[in-house]
Amino acid sequence: MRSKLNKLKQRFQAKGKSLLPFGLVLLLLLIGQFFSPGFFSLSHLTHILTLAAPLGIMAIGQTFVILSGKEDVDFSSGANASLSIVLTAFLLQRYNHGITILIILTVGFIFGLMNGFSVRVIGIPPLIMTFCSSMLLYGVGQAITRGMSIGTSTPVLTFMALGRIAGIPVAFLIWMGSTILAALVLHATIYGRWLYAAGSNPMATHLAGISNKVVGMVAYALSGTLSAFAGLLFLGRFSIPSGFRMAEIYTLPCIMAVILGGTNFFGGEGGFTGSIGSVIALTILDSFFTIFNISQAWRTVMYGLLLVIILIFFVRREKLRI
Amino acid sequence: MSGVRKQVLQILPGLLFLFLISLISGILMPRFVRLLPSSLLLAIPTAFLAFAETLVMISGEVDLSLTGSLVLINAVAVSAYTDYHINEFLFVAVPLIVGLIIGVIHGLLVAFGRLNSFLVTAGTSFAWSGLALVILRQPRGNVPLWFAEIFSTGKILGIPLAALFALIASLFWLLFSLSPLALKSYAVGSSPKATFSFGINVNRVKFYAFVLNGFLIGMAGLIMTGIVGSGDPRLGGFSTVLAVLAALIGGATFAGGTGNGLGAFLAAIGLQFTRNLIAWVGVAHYHLDLFYGAALLVLIAGIAYLRRSREI
Amino acid sequence: MGTWKIVKWKKAFGQVEALKELSFELKPNRIYGLVGPNGSGKSTFVKAITGLVKLDGGKLFKDDCEVSIASPKHAWALGISAAYQDLSLVPNLSVKENLTLIAKNLARLRGSNHAALLQEFHTILDTLNFTAPTSSKIGHLSRREQQIVEIAKALGSGPSLLLLDEPTSFLTERDIERLFDLLRQMRSNTTVIFVSHRLREIFLICDEVIIIRDGKTLATLDLRDVSINELVKIMSGGASITWESVRTEVTSSRDTESHYFLAEVEARRVNKIKVMLKKGEILGIAGLVGHGQSEFLKAIYGIIPSRKRVELDGKPVIIDSPSQALRYGIVYISGTSSETTLPHRSIRENISLVINGLKSGFSLANIVSERQLASAMVSSLGIVCRSVDEPLRYLSGGNQQKCVLARALSLAPKILLLDDPLKGIDTVTKAQFYKLIAEAAKNAAILFYSSDVEELLPIVSRVIVMYEGTIVGEFTGAEMTRENILAAALRGGKE
């Protein structure tokens, strides 16, 4: 009898993990409505979805990386997006949208691949490597902003970031489209199978003839590309790049969203659905900060605390005494 | 005594690195020797951070909150003096106390809470730097006059500060290595399960590692505050990465179970000198971080490549 | 004084019930043997009584007082110490440092001087003829030397209850003699539990034997009242009959062509070994654990670096990595589940892993064919599960291992490299495995290494015995007996 109950509990926990964020969203909306009437309205909700989109796209890339292995995480997402912001503004002065976007995505891809190569082939721990590459990315961004004139966003980008089609935010559509594509890669391709296997048990994956190195490199490359893509939306939203670290504050929430969304930090388990909810939840939380006029300083404190709380519930070392 | 020989072998990489960089700097930079006392002093805070990081890494964890902790300590100390007019002599104790508190908090979360150390300390880094900003709001404040003077002259009772601090660090490392905690820490970092089976309280050992780490961060904060002479919530920069890299050069690994605090201390000074070298080479100041970051990356890659396990 | 009572101990790891209702009594000053088939719960018991594993239920009484063991520290304080099967030492630290840690901790618990304790450890090391310097790191010692340190750790503490879990696998005959002498001397102060597969040793040193199976006590017998054969019968409970029939099947289906598979390997711990197999042949690899058997198989499969020559069906093949080996139809499985299972992934994914590994990363996954494959395997291998989409960790250990086997069979392999695949599997599942392996052998050649000679005999047609990386014996037909194999395995010992 007890074992049956345990089994039931396990199944519920598995499903529950990806539903939790949506419950959180509901809770936050209700709280918001209480303090600020109009919060739980359709117009505000659509606004939130617009704001959440870039972070959501970054989270997709982060999910690939976190799924791929035990310690894998991408701390360079924000830096990648930041570089993308200034680089796009810079390039748009000279080239058309098509070429600019192509270049941006390629740059993101290359930096991501560099991360993946360093982590999987050279053997640098992911934390250190992505941290360092974020320094490099900021360095490049810094070099661009100091030396040269930067442009601004264009109507096309602004439309992508803030516009609506039939009342639905374009950014949200782009986010959902990316999610669907990513989900297809994860669940319908052989690479997806490899990714889950590599994250679950690298040794077994290696024994089965699958290259953990390739799996990892592709994951990091995807993350770099998606973060760069998110930068486009950021530029569309902010219009004028103010410095080379604009998206820095999104790195940690990106990681938190993935963990909160039910993906196992140690890899091998998880997906994109939960992240959708957690990204929205974090965005709502951020708008709380604006409503309650919380200073940037306090926000940083709260994000730090939030991470600790998330960890308490989601990422704990196993006990020594089983 | 083989223990001494082992220590010397462990300190060697850091020492050699420092020596090499000093040699190159001495050759290339004409004023290197004359500026040595002050550049040494400037490097000491990071050196203490590296020492602190090593202690944590020996026991198998990692502390990424160094930058944030440093900034918070600075903020609290300066604010305590400037805003609350704390007793001048008590002022010296403040950074150490705050450091200890931070260490205790991290220790509780990681050791007893079983939270993942690098994520937790990454998170608290944000929390601490945010708190620092809340306390200071902007660069301001001052420190006791006699305190600032000691650091501007670089000497106390005639002894060069840098030398004094290096001595303190060496003493600290000596005391640690001879204590029972040291062997336990190395054991816990290497094989927590086996150490647990010996009847040793693994969590407690990790906790102590974080507490000591906090104390040393406090030292770094104390010295940094003296050097800067005021409060600045934007301090820190690369501190965390530098400290980790220095710890790696000192023999630590992310797997745990190895490392030498003195070696890391020396390596950190070497890394700071490296930055001075790059700055002197004449890159435009906004390229400095880029080159320095790249240089650090190359170093890390080298270390990682040399140590890579022949596995999957 | 010195009595212990284990009452109804229960422990489950997820779905697997390691201890069901284990109960027995220990009288003072006796040496007990603890025997039982693989997976019966012996190691779990040892870990539970030393505080490494937390029981789900049950009580422990020392001298009729109830005690609870909440951590290893409690166990040490109660006078319980153990030499574990997988060793519990810190590899990065030296022998002296390891022992110092224990000595200091124990001394603090007892309020005594640690130097005396440390001296006791060294005395035991000497008695057991440990010659390496105590400043050597544990990780640099040979398996035998490591085992001696592990034993010294347990004995030297002067325990009131001593547990030895398979302590003799890596020791020479002389080492074992010395150990037994020590145990006899200790008998007046210590109760000893000697866990082992080696029944002859049990009969040599133990007074009584406790037989457990499936996590329950089957019987406690005085060794004067029972013979080895009777003991074996009680332990295996009649499964031996099935094994006989499996063997005859295999021998009768052997081909008489020239060799189908050839491997000549030189690698770490492997000193130029050459084997040749015919199609349909199952070659057993025996010998003391850690003498290169596993490395030999791994080298063929391309997981560890080696110099080798491999020929399949007359043609030479180059294998530098598992993916190349798989393309030739050479598959490797091990019994270490941490190396082979994806616990959180579905059964379907686990079984399809190798097939998916051979496809291109860009191609689409076919969940329908995955399900079909998995269902086919589940029915033909008798895997007990609710649906193939369940996570693998819901299954019992034996069933999980069946999935690993299914994964290997999904390729219709030409060569099967089995690296101790039946470790920790219960007897019933083992019998099923034999059928499956025999079936697979019809169109293939199989190299089967087992750390337990008994596992090999029912199914192999020929056995090679390895010692320190070389083949020291080869037996077939009537000569293929446990005694001959064991003798060859131990013969290499230079004492």
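Note that the chains take the letters A, B and C in the order they are written out, and that residue 1 is the start of every chain.
Basically, a contact is a pair of C-beta atoms (placed from the backbone, for glycine too) under 8 Å apart; a residue touches a chain by one contact, two chains touch by 3 or more.
Everything quoted here is computed from the prediction, not taken from an experiment.
The most distant chain from subunit B is C, comparing centres defined as mean Cα coordinates. When the C-beta pairs in contact are tallied for B-C and for A-B, the bigger tally goes to A-B.
Measuring from the averaged C-alpha position of subunit B to that of subunit C gives a distance of 46 Å.
Put simply, the C-alpha centre of subunit A and that of subunit B have 31 angstrom between them.
In subunit C, the residues that touch at least two other chains are 52, 71. Subunit B has residues 193, 196 in contact with two or more other chains. Those residues of subunit A in touch with two or more other chains are numbered 203, 205-206, 321. On the subunit B side of its complex with subunit A, the touching residues are 62, 64, 109, 113-116, 118-120, 122-134, 137, 192-193, 196, 202, 238, 241, 244, 254, 284, 286-287, 289-291, 293-294, 296-297, 300-301, 304-305, 307-309, 312. Subunit C makes touch with subunit B in their complex at residues 50, 52, 71-73, 75-77, 84, 87-93, 97-98, 100-102, 104-106, 109, 135, 305. Across the complex, subunit C is touched by residues 2, 180, 183-184, 186-187, 190-191, 193-201, 257-258, 310 of subunit B.
Interface residues of subunit A, counted against subunit B in their complex, comprise 75, 118, 122-125, 127-129, 131-133, 135-136, 138-140, 142-143, 146-147, 202-203, 205-206, 212, 252, 255, 265, 295-308, 311-312, 315-321.
Those residues of subunit C whose C-beta lies close enough to touch subunit A in the complex are 12-13, 15, 51-54, 71, 301, 303, 321-327, 332, 334, 338-345, 349, 352-354, 356-365, 394, 407.
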